[in-house]
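So, here come the structures, one by one.
Below, subunit A partners subunit B and then partners subunit C, in two separate complexes.
On to the complex of A and B.
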């Protein structure tokens, strides 16, 4: 199944106000393959969040089309397709409903009319995946920010979506919980072949993706692996390790040519 | 202008119920012209400490000194008025406070209320707009037609226009992209240096602490857990992990290299160029 497109976006344009020439997105096209992690980066106002809202059908494209699992997204199909796409927002507090962690994770499933045992199993699996099973009887409001966001992620995982979207979902977390959660997600991605689209400002989050899209003022200006993108575009600030490599190079140190991840750089220094 | 806390306690009263001491016996002296980062976990009392400085929260015991002015439990109106003219406060997401029809009116609101003459106000508005890096042709625009980053600059310009001696900043970079964040903070740092202001910055980002602050004050459950220079603070590995405080990126990478090589560099690296210099100096490359 790997390699088949789960999301394909074709020639997508959108304006919030059609009286103006301000395109929030103009002629954006890309494909996300099953099991891939695609990160979308860009400055404030580049159209990142608009893209997420279009993909889940919260707003309609002015031009162009979105295919999820080879099925076009429109007014009729959006209710079905939304079952296949999960989205996690910035602030988990805005989306808690249940009085316990497991109730909260079960909420989405209740709406799907699943039978009890199936629900129980999915809640169990989802909480295990994000490593929150031991907290299943806790009140979500008592958890730390990172734990809350894990529960929110479990709630979406339990729905077994084909595509998971993270809209700046880690900005509220401190750097340490953010790094931990990114590792957890990377593992889940491999384990269940999850497709991820993450919208982010964070360079470290962008660096863990398989593919990177760069939006600028509504236009897709770059696409490739993080390595390709950061190497080709010196004006896009790379992750810290790569910045350090470039600085060492400027100071006349013979560092290896080309983009390096933190692991690679540390390994090179400690060689 | 110096800011001094003397055995300050404070809490929030909700009807007859008082919350436990949100600020619990804090004493600290912030010398004139210093840039102090206030850090601590959620609920540690950071925002409450900021509010004490301009009397939005009054102490239940102890004294807060701002220059020659003293705020205590009585919270005399006259003194509070004077304090508020000296203390500029930039809240979290300050753009939420924009209200006027034009950018010019919005920035002028503070100066007019503090009794600036029309000419003084006009000058203050233009100067502060320039300081925050916005061009004068925005003056006639509605603040709501601007982008998020520009709105934040306008809101900050409104504070700067009153030329405060003490600048209090609650996460001024929150929600901005990395470049926008850096620009806002370096702009604030510039202003701090030029005005010899006493600045307090609440932040969760240890890289901001390392880059901009001289001193760091750590709050924990309403008490001062640590108050020292940034470099000293980050040098103490044990204390950092005890307080569960993250390290700035350069230091985190330095510690990682040290661990894998089984060595210790003689200095902590607070910025990328320091780390590069330290690695070269110790001939690790």
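On to the complex of A and C.
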């Protein structure tokens, strides 16, 4: 199944106010393959979040179409397709619906009308994946921002989606918990062959992706692997590791040419 | 503002904490009903003993309960005074126009006093030992039959539990907004009533705005997670009946028998009224 498209977006256009010509998105097309990690970057107002809301069916496109698992997304199919697509939003507090960690994870399962034992098992698995099982009886006020976001992720994982969207889900976290969470996600992704679409400001987060899309004022201006995109577009501020690599190069130190992740760079420096 | 104990929860692991919330709710209502069937002082003392036993079992110190009564004491004393002064009968100790203090008056004053105190104590015991979410579940379970009348019981229960879940967040936010206003030179709690009310506007407005935003985001999350009003959903929170709940029922039966014994009337009669 790997490599087949799970999400394909064709000619997608959307504007919030049809009286104006301000398109939040105009004629965006791309394809995401199963098991890939796709990052979407862009400045404020570039249409990143709108894209996420369109893919989960919270708003309807003006033009163009979205196919998930080769099934078109519309008013009729959205309830079925949402079982395959999960989304994690920015503010962890506003996503916490249950009164305790496990209640919150179970919320989506209750909506599927699953029986108790199935729910119990899935809640257990999801909380284990994000390493929050020992907190299952805590209420949200007892958790840190990072922990709440882990619970939000578990809530989506419990639904066993094929595609998971992160809409700036990590901006409210400090750099350390962000990095931890990204590692957790990377592992989960490999383990259960999940497809991830992450919408982000953060260059480090973009750098872990397999594919990168760059949006500018609603238009798709660049597409490729993070290495390609960062090398081709010096105006996009690259992640710290890339900045360091270029800086070292300017100082006359011989560094390898390709893009390197932070770990790779550390390994190279310590060599 | 934080003096009101009624409605707060004290975390604990006592016997009362672990009882089924449905049982606690029904039993409390039953107890309050029972209070009105008691006809003599012995009966009240019997119920008082039971109430104190429950307070002891709850593992919360007595002083907490009395703090709970304090804000209401003047109201209670007022009601008791009325009872004492306007009830006649028996030996009359003092009289002035329509006002008199009589034996019967004093007795019924004592009954009124006891009823008030016990109603407060019993409801405090329930709320101190039950999480608000469990109470919500209990209410939900008890009003479920209303579903047959097409009343959206499940939606209401979810609304109630979400509201309860956001109370601490709202309090936090209020504090933040107040601090922000203080930093800009607003002094709260000064000036006459109208001035004080005016100062509340810049607190309430930001709270409204943020609550609406929050509600919208939350609605999005719920929708994406597949919540649809009116579609059948299962429940992860399960209420289970335990042996201890059966024991509690036996205690309640003994309590009722005690009351009817002290009333010296036929047990069957009590329920035929």
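Note that in this section the second predicted complex is superposed on the first by the 271 of 271 C-alpha atoms of A that agree within 3 Å, B and C clash if a C-alpha of one lies under 4 Å from a C-alpha of the other, contacts with A are read in each partner's own complex, and residues count from 1 in each chain.
We adopt the following convention: a contact is a pair of C-beta atoms (placed from the backbone, for glycine too) under 8 Å apart; a residue touches a chain by one contact, two chains touch by 3 or more.
Predicted model only: the values in this text are computed from it and were never measured.
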Subunit C versus subunit B, contacts on subunit A by residue: C
Partner chain(s) touched by A:60 [first = subunit B, second = subunit C, both, neither]: neither
First (subunit B), second (subunit C), both or neither touched by A:253: first
Touching partner for A:103 - first (subunit B), second (subunit C), both, neither: second
First (subunit B), second (subunit C), both or neither touched by A:241: first
Partner chain(s) touched by A:11 [first = subunit B, second = subunit C, both, neither]: neither
Touch list for subunit C against partner subunit A, complex: 131, 133, 161-162, 164-165, 168-169, 214, 217-218, 220-228, 231-238
Contact footprint of subunit B on subunit A as seen in their complex: 42-45, 145, 171, 174-176, 201, 203, 237, 240-241, 243-244, 247-248, 251, 253, 255, 262, 266, 269-270
Touching residues (chain side subunit A, partner subunit C) in the complex: 53, 56, 58, 79, 82-83, 85-87, 89, 91, 93-100, 102-103, 106-116, 119-120, 123, 139-141, 155-156, 159
Of subunit B, residues touching subunit A in the complex: 42, 147-149, 175-180, 204-206, 246, 249-250, 253, 256-257, 260-261, 272-273, 275-277, 279-280, 284-285
